[in-house]
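First comes the structure, then the notes that go with it.
First chain written, first letter: the chains are A, B, C, D and E, and each begins at residue 1.
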Amino acid sequence: DSKIAFFGALTGGNAQLGINIRDGAKLAVDEYNKANANCKVTLVEKDSAGDPAQASGLATSVVQDAKILGTVGPAFSGESKVANPILSKEGVVIITPSATNPALSKQGDKTFHRALGNDASQGPGAALYMKNVMKVQKTYVIDDASEYGKGLADQVKTTLAAGVIGSGVVKEQQTDFGTLVQEINKSGADSIFWGGYLREAAPFLKQFREAGGKAKFVAGDGVKDPKFVEGAGATAAEGAILTCPCVPPEKAGGTFAADYKTATGHEASTYSAEAFDAANILLQGIKAGNTTREKLETFVDGYTGEGVTTKFKFQADGDIDPSAVAVWAYTVKGGQIVALERTPTS
Amino acid sequence: MPEQTPPRAMLEVDNVTIRFGGVVALDGVDFVVREGEILGLIGPNGAGKTTCFNAITGVAKPTKGAIRFNGESVAGRKRYKITRLGIARTFQNIRLFPEMTALENVLVGADARHKTSVVGALLRVYRVPVKRHELAEVTATGGLARLAQQARRTGQRFFGLSRHTLEERAARAKATELLRLVGIDVRAGELARNLSYGEQRRLEIARALATEPGLLCLDEPAAGFNPAEKEELLALIRKIRDTGVTVLLIEHDMRLVMGVTDRIVVMEFGKKIAEGTPAEVRENPKVIAAYLGVPADAA
Amino acid sequence: MLLELKDVSLAYGRIVALHGISLTVDEGEIVALIGANGAGKSTTMRAVSGLRPVLKGSISFDGQDITKMRADLRVIRGVSQSPEGRGIFPGMSVRENLEMGAYTRRNRPEIDKDLERVFGLFPRLKEREKQSGGTMSGGEQQMLAVGRALMSRPKLLLLDEPSMGLAPMLIQQIFDIIVEINQQGTTVLLVEQNAQQALSRAHRAYVLETGRIVKEGTGAELLHDPAVKDAYLGVA
Amino acid sequence: MNALLESARRADERRAKAAIGIRDRWSSLPRPWRIAVLIAFIALLYSLPGLDIPLITTPDTDFTSVLFLCAVYVLVAVGLNVVIGLAGLLDLGYIGFYAVGAYTVAILGSPNSPVVVKYPWIVCVPIAIAVAMLSGVILGWPTLRLRGDYLAIVTLGFGEIIRVFALNSDITNGNRGINAVPTPSEADWPSWMTWFPTIHEGRPVFSVSSVIGFYWLALTVVIICMLGVRRLERSRVGRSWLAIREDEEAAELMGVPTFKYKLWAFAIGAALGGLSGALFFSKQTFINAQGFDLFTSILWVAAVVIGGAGNQLGVAVGAILLAYLPERFREFTDYRLLIFGVALIVMTIFRPQGLLPSRRRTVELEDRAKEAPVA
Amino acid sequence: MNFQFVLDNLAALTVTGLTQGSIYALVALGYTLVYGVLRLINFAHSEVFMIGTFTTTIIWAALGFGVGAAAPSTLGVLGLILAAVLAAGAASGATALVVERVAYRPLRKRNAPPLIFLISAIGASVALMEAAGAITNRQPRGMPSLVFPKVQFSIFGADVTNLQLGIIFSALLMWVGLDTFINRSRLGRGVRAVAQNPEVAALMGVNKDRVIMLIFILGGAMAGAASVLYDVKVGLTTYSVGFLIGIKAFTAAVLGGIGNLRGALLGGLLLGVVENYGAGVFGNQWMDVVAFLVLVVVLLFRPNGLLGESLGRARA
C-alpha cells in the first residue's frame, strides 16, 4: 500500500496544464492497480495552483506522509524550485514530466529526475525555428517573470541575439495589455516570443490581434494547450507557433492515446504521455519491491527502459540522457493545435 | 500680597492680524494678560474672540503680529508644545474624548507633564526607590495569595518601582482631586459622552487644569447653563484663580463677566474697541452701542 | 391641539432621559420648556422631531399619530427644528444652508421672499452669503440655524436654546423675532436656559426635572413661582 | 424572516452579556489564581502539537504547520492591532511591512540571493525588525499628517508598491523569488531543548519535517510581544492613542504629541509585521512576491476587526480563525472565500463589536445601537 | 529607463492614458458618491463593476453576438453598445443596491462605527467576487471584438482611433449628466446635506434612505457603463477583474479630492495619463507603482486631493 503523489496545478488559470499531467499519471496508476489488485498504489493529488508560495507547505505535507515514495511533478518550474529541496532532503523520489527550467537539475537535489528535455534545448530550438524556418528578423520578447517564463525567454534572447528588438514583462493574471500592445506595434516587430503560461498569453494575443497587430506569435510549452486557443479565440490564435520538448501525444507509443481518451473522455494533451511514463517508472520500482524511499531512489537512478514517449535513462544530475531530447514545433490551424516538425536545438 | 507690585504680563498679544480670504477676523489686536488676573474677552458675535483663542493656542496662524507667553514666542510652535508651555483651553463646542471615562479624560491632560517615554512604558526599567508606606500591601490572610503578595512587596523593597508606575499613581490622585474641584468626582468612572452638558463643560475645565497651565482660556464656559449653575461656575473660576492660575474668559453672560473678571477687553469686527475694569467697560458708550445694548446688565 | 405627547419615555443606551412625560401645545401658542442641565429638554425636542425613537408613549401632531414616523416625513407635515448644537452643514455656503431649510417647499418665489426676510432679520448672514457654514463664528452659526428653521414655514417650530452663544443685544432681538413669527401664525415650542426671557414671552410653560415634568402653568405664573425663581431664574 | 434575524440577534446579545460576565468573574479572581490559570493555558498551547485532539486537528495538512501559521498570524494581528485597534490608524497595506521583514532575512541570509553576504538567521532577524521599523517610519513620516481615511489608501498604495517592487526588482530576484531563506540552525537553539522527546526522532529541531521548533519559537515570540503591547496599552501611551483616536486636535491641544505617538504606533506595528514576516519565511524557506498580495492584507484587517479591535485576545482569535479555518476545511477550497465573505457580512450584523471586543467597545456599541434614529 | 520613448510618443501615450482614465473616472464616481455621503470605502464597488462586465457579455450573447460572431454594422455596434449600457447599468445599479440593503443598511440601523462598515464592505466584495468565480469556474470569459480600432485623425503625431474617441466621449457625457444632477437638482442638494450632517438633513425633510439608495444606484450605473467601455476595449473579463480597477478608481477619486465629482473626473483622467507615461519610462510592470507614487506626492502637497473635498467636507 505505497503511495505516489501528483504535485501541480489543478485549480487557477493554468489548471489545464496540470490536469493533463494528473490524468496521465492517473491512467498509469489505474492500469497498474488493475494488473496488481493485491498490492495497490494510491495516487495522492497535491494541488499547488501553480503557485510557488504554496509549494513549500505542500512539499512538507508530502514528506510527512511516509507512505509517499515518489512524486510525478512538481509540474511547474517555479514550484519545483521550492519543493524539490524539501522533497529531496527527505528522500522523496521526484520525476517531473514537465518542469523544464534548466537550473532545476543544478540545485543539488539528489532525488530529482526530469523525464524530458529542458529549456536549454527548447529555447534554442524555438529561436532556431524562428530564425531558420519562419525567417523572422525583428522579435519582441515577452516574459512573465516566472522561473519558467523568464528562463525560457532568456534562452531565446541569447540565441536570437541581435534579432531581439525589444522586450517586455507581463504580470501574473494580467488581463489588460493595452500599453504593451501599443509598444510592440510601435517597435515594428515582425514576431513575438512569449515566455510564459497560457493564462496571460490568451488575452494578450486576443488584444494584440484586435488592435491590428500582425506580428507572428511564438510561444513555448506553457501555452501549448487547446485552452489557449479557446481563450484567445480561434481567429487570433490562428498561425501561432508553439514549441514543446514533448512528443505529440498521438505519436506516443503503444495504445496510449486511445487508452487516455477512453479513460478521461478527452484527447491527451501536453505532457500527458510524459506523466504516464514518469508514473510508470515509479510503479515499476514499487512493483519490484522497492517500497522505501531510499530503495526507490536507487531504482530510478539506475533505470533504463522504453516508455511511450522515449527511452529513459537519467544522468547524474537527474536530467534525461541528451539522446532522448526532442523539441517539436506545433501550430494552430483551424482552431486545433497540430504538430509540424522536430526542430534542431543547436 | 501680590497687589503691591504691578503684576507681570504673562501673555502678550501684539498687533495680531488674521485673515481668512476676504474676512479679517482679527485686525491688529493688542492686549496683555497679567499674571494672576481674570481677564474677560467680550464682543458681538463674529468679533474674533474664538479666533483669538485659536491664535494663542496655535490652532490658527496669525497673518501678522506676535504672541508671547512668559516672554517666549508662541509662533511656529507645535500645539502640544504650547500646551506644555503652560496654556490650556476649553472649546466653544465641547470637545471631550467621548469614549473615555471622565477620569481618563483628565489623565490625558495630566500626561502633558509626564516623563515616561514609549520605550520607558514598555521596558519599565527606570526604577525609583519607594518609601515604606508606598509598598504593596499584604492583605491576603494566607495561602498562595499571601505568598505572592509578600514576594511582590519584597521585590519592590529591593528594586523600587518604575517611574512609570509612580507617575501613573500620582496622576490618578491629581485627576481625582481635579474632578472634585469642579464638582464631578462622583462621575469619574462614567464615559464622557454620557455626562450631561453641564458636567461635560466642567470636565473640560478639569482636563485643561490637569496640564498644569499658567494660563487657562475658557471659551463660553457658561453657554447652556441656567442662572443657578452660572453662579456655581463663577465661584469655580474664582477658586481656580486662587490656586494661582491666570484666566482668560470669553463669555456673553454679562452678569458672570462683570462678576468675576478683574479687567475686560472688548472687541468688535476684529479690533479691540475698549479695555478696562468691569465698571469702566460697562459705562463705555462704544461698548454699549456695539455690544451691551441699552440697559447694561438689567438683571 | 397641535401637538400632544402622552407618557413619553426615551433612553440613551442605559440612561433613561425621559420618564413618561405628557405635554400639549395648542395651535398659535408659544410654549416654553425650562429645566436644569440634563433635565431632558433637548431630548423632548428630539422625540418630537423624530431624531430618537421613543421607548414608550405616543406623540400626535395635527390629529395624527406620529410616534413611529420618520423624521423627514414629520418635516413635510410641518414640524421644523433648530437643533441643539446648531447643526450647520459645514461644507455648504450660508445661502445653501438656508435653502436646505426650504428643502420640502417648491414654490420658488415664496422661498425667495422668505430668504429676503431671513436676511433682513440677520444682516450678518446676508454679508456672508457665500462663506461656508462651518467657518462662521459660534453666534453666527446660531443665527443661521434659526434662520434655516424659519425657511421651512413650519406649523410647529422647535427651537432648542436659540439664544445660546448670542451677544446680549441679539438675545433681545431673537426673542422679539420669536414673538413676531408666532403672531404671524407659527406655533412655537421653545427650550431655553434664559428662563426669564422665555417665560415672559411664552403663553404657557413646563418645568422639567430629571426627565419628569414637575410643573406647568402660564408663563407669568411660573415667572412668579418662588420655586422656579429659586431654581432657574437665579437670585440676584 | 426579519423576526428570525431579530431573535437570533437578541440571543447573540445575551451571549455577549454572558461573555462580559465571564470577564468580570475572571478579573475578580485573585491574582495568583489568574496567573496559575494563564500558565496552565500557555502550557496547553505549547503541547498542542503532540495532543492530536480529534476534531481540531487538520485532516489534510500537517497540524503543527497550521499551528505555526496561526502563531504567525496572531503576531501579525497583534501588530496590526497596535495600529488599527489602539491608535485608530487604518492601515490597509500592512503586508508591506511583513514583506520588508521577510525579504530582509531572505536577502541577507540566503546563499541564492543577489546580495552575496550570508548572515546567520539570528543576525538577520534583528536586522529585519529594524528595517521594517524604519520602513514604518519612512512611510509614516510624510503620510501620518494626512487625515484618517486618506491614510487607508496611501497605505494600500504602499503595500502594493512593495509587492510590485519585489516582483520586478533584481534584488528580490523578481517573481522567481529567493529560496534557501535561512532557518534558525541548531546552534541558535538552546541545547537543553533537544531533551524534549518529541523532537528526539533523529531530526533536527528546525527542519521541514519537524515544524515543532518553529511553532514553539513563534509561540514564544507571540507571548512576549503580547505582554509588551499590553504594557504599552496600560500606560500613558495607550491612553494617548485612545485620545488621538477620539479627537486628534483636542488631544494635541491637551499636550499629546499626536504625530510622535502615531509614528510610534506605526513603527511598533511595522516592527511586529516585519518580525512575523521574518518568522514565517524562515520556515517557508522560499519567498517571492506572491505571498504579499493586498487581498491578504485586507483580510488581516478584517480578522482584526472581527476578532475585536483593541482587545489582544480578540484579535488573536480573529487571526487564528483566519489561519485555521481554511486549513481545516480544505475540501471546500472553491467556496471557502465565498463562505468567508458571507460570514463577514453576517458577523458585522450580528456582532459588530467583534468576537471578543474590548470592554470599552462593547459599551460603545451597545449605546450606539440604541441611539440609532427612528427607522 | 526610457524617457526618449515617452517624449517621442507623448501625444499617443496621452490619448491611451485618457482612454484608460475615462474608465477609472466613471468607476471613481461610484466611490466618491458613496464615500462622500457615508464616509465608507465601498470595497464592493469593484464587484459592481465586475458584474457589469459579465452582464455585457451575457446581453451580447443573448442578442446573437456571442463568441465567434462576425462584427456587425456601425448601426448594429451602436445598438449593441446601447443595449449593453442599459443592461449593465441596470445590473450594476441593482447589485449596488443589493449590497447596500444587505451589507450596509442593517449596520446603519444599528448605528455601527465606520470600521465595521468597512469589514462588511470587504465581506460583500469577497462574496460577490467569489460567487462570480465559482459560477465562471474562475475562467476568463472572452467576447467577440465589437469595434476594430480605426484611426480617425492624428494630433501631435498621435493616431486617435474611433474606439478611443468613443470611450472618452461617452465617459465625459455620463459625467456631465451626473454632475449636473448632483449640483443642480434638489435631490442632489439632499445628497450633499446627508453627506455633511445626516441627522440635521432629516430635520430639513431629506429622506436619508432614499438619498443613499440613489447614490448607490447612480454610482452603480456609472460603474456599469464603465464596464461596457472596458469590455469593448479589453474584450475579456474574469471574476477578479474588479480588484485592480477598483483600487485604481478609488485612488483616482482620492487624487481628485474624494467626495468631489469633478475631482473624480480629473483624478481618473490624470491617473490614466500619468501611469501610462510611467509605464513608458520605467516599463509596463512599474505602472501601478507610478500610480501610487503620484497619489502620495499629490496628497503631500494637497492633503485633500487636487480639487479638495466637496460633497462631505469634515463633519461638524
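Keep in mind that, in the parts below, a contact is a pair of C-beta atoms (placed from the backbone, for glycine too) under 8 Å apart; a residue touches a chain by one contact, two chains touch by 3 or more.
Only a predicted model underlies this, so the values are computations on that prediction, with no experimental measurement involved.
Counting hops only between chains that touch, chain A reaches chain D in a minimum of 1. The innermost chain, defined by the distance from its C-alpha mean to the mean of all protein C-alpha atoms, is D.
This structure's chain pair with the greatest number of C-beta contacts is D-E. Centroid distances from chain C, each centroid being the mean of CA atoms, peak for A. Averaged C-alpha coordinates give centres for chain B and chain C that are 32 Å from one another.
Here the spacing of chain C and chain E, counted between their Cα centres, is 43 Å.
Chain B and chain E have Cα centroids lying 49 Å from one another.
Centre-to-centre spacing of chain A and chain E amounts to 39 Å, using the average Cα coordinate of each chain. Multi-chain contact residues of chain B (touching two or more other chains): 194.
Contact of a single residue of chain E with at least two other chains is seen at positions 199, 202, 283, 285.
Residues of chain C in contact with at least two other chains: 12-13, 50-51, 70-71. Taken together, the chain E residues at the contact with chain D in this complex read 35, 39, 41, 43, 102-103, 106-113, 115-120, 122-131, 133-134, 199, 202, 243, 247, 250-251, 254, 258, 283, 285-286, 288-289, 291-293, 295-296, 299-300, 303-304. Note for the complex: chain B touches chain C at residues 20, 23, 43-47, 50-51, 92-93, 194, 196-199, 220, 223-231, 252, 254-255, 291-293, 299.
Taken in their complex, chain E has these residues touching chain A: 5, 9, 12, 16, 19-20, 67-68, 138-140, 142, 144-145, 148-149, 233-238, 240-241, 276, 279-280, 283-285, 287. Against chain E, in their complex, chain A makes its touches with residues 11-13, 145, 168-171, 173, 175-176, 178-180, 182-183, 186, 202-203, 206-207, 210-212, 231-234.
Taken together, the chain E residues at the contact with chain C in this complex read 186, 189-190, 192-193, 195-197, 199-208, 309-316.
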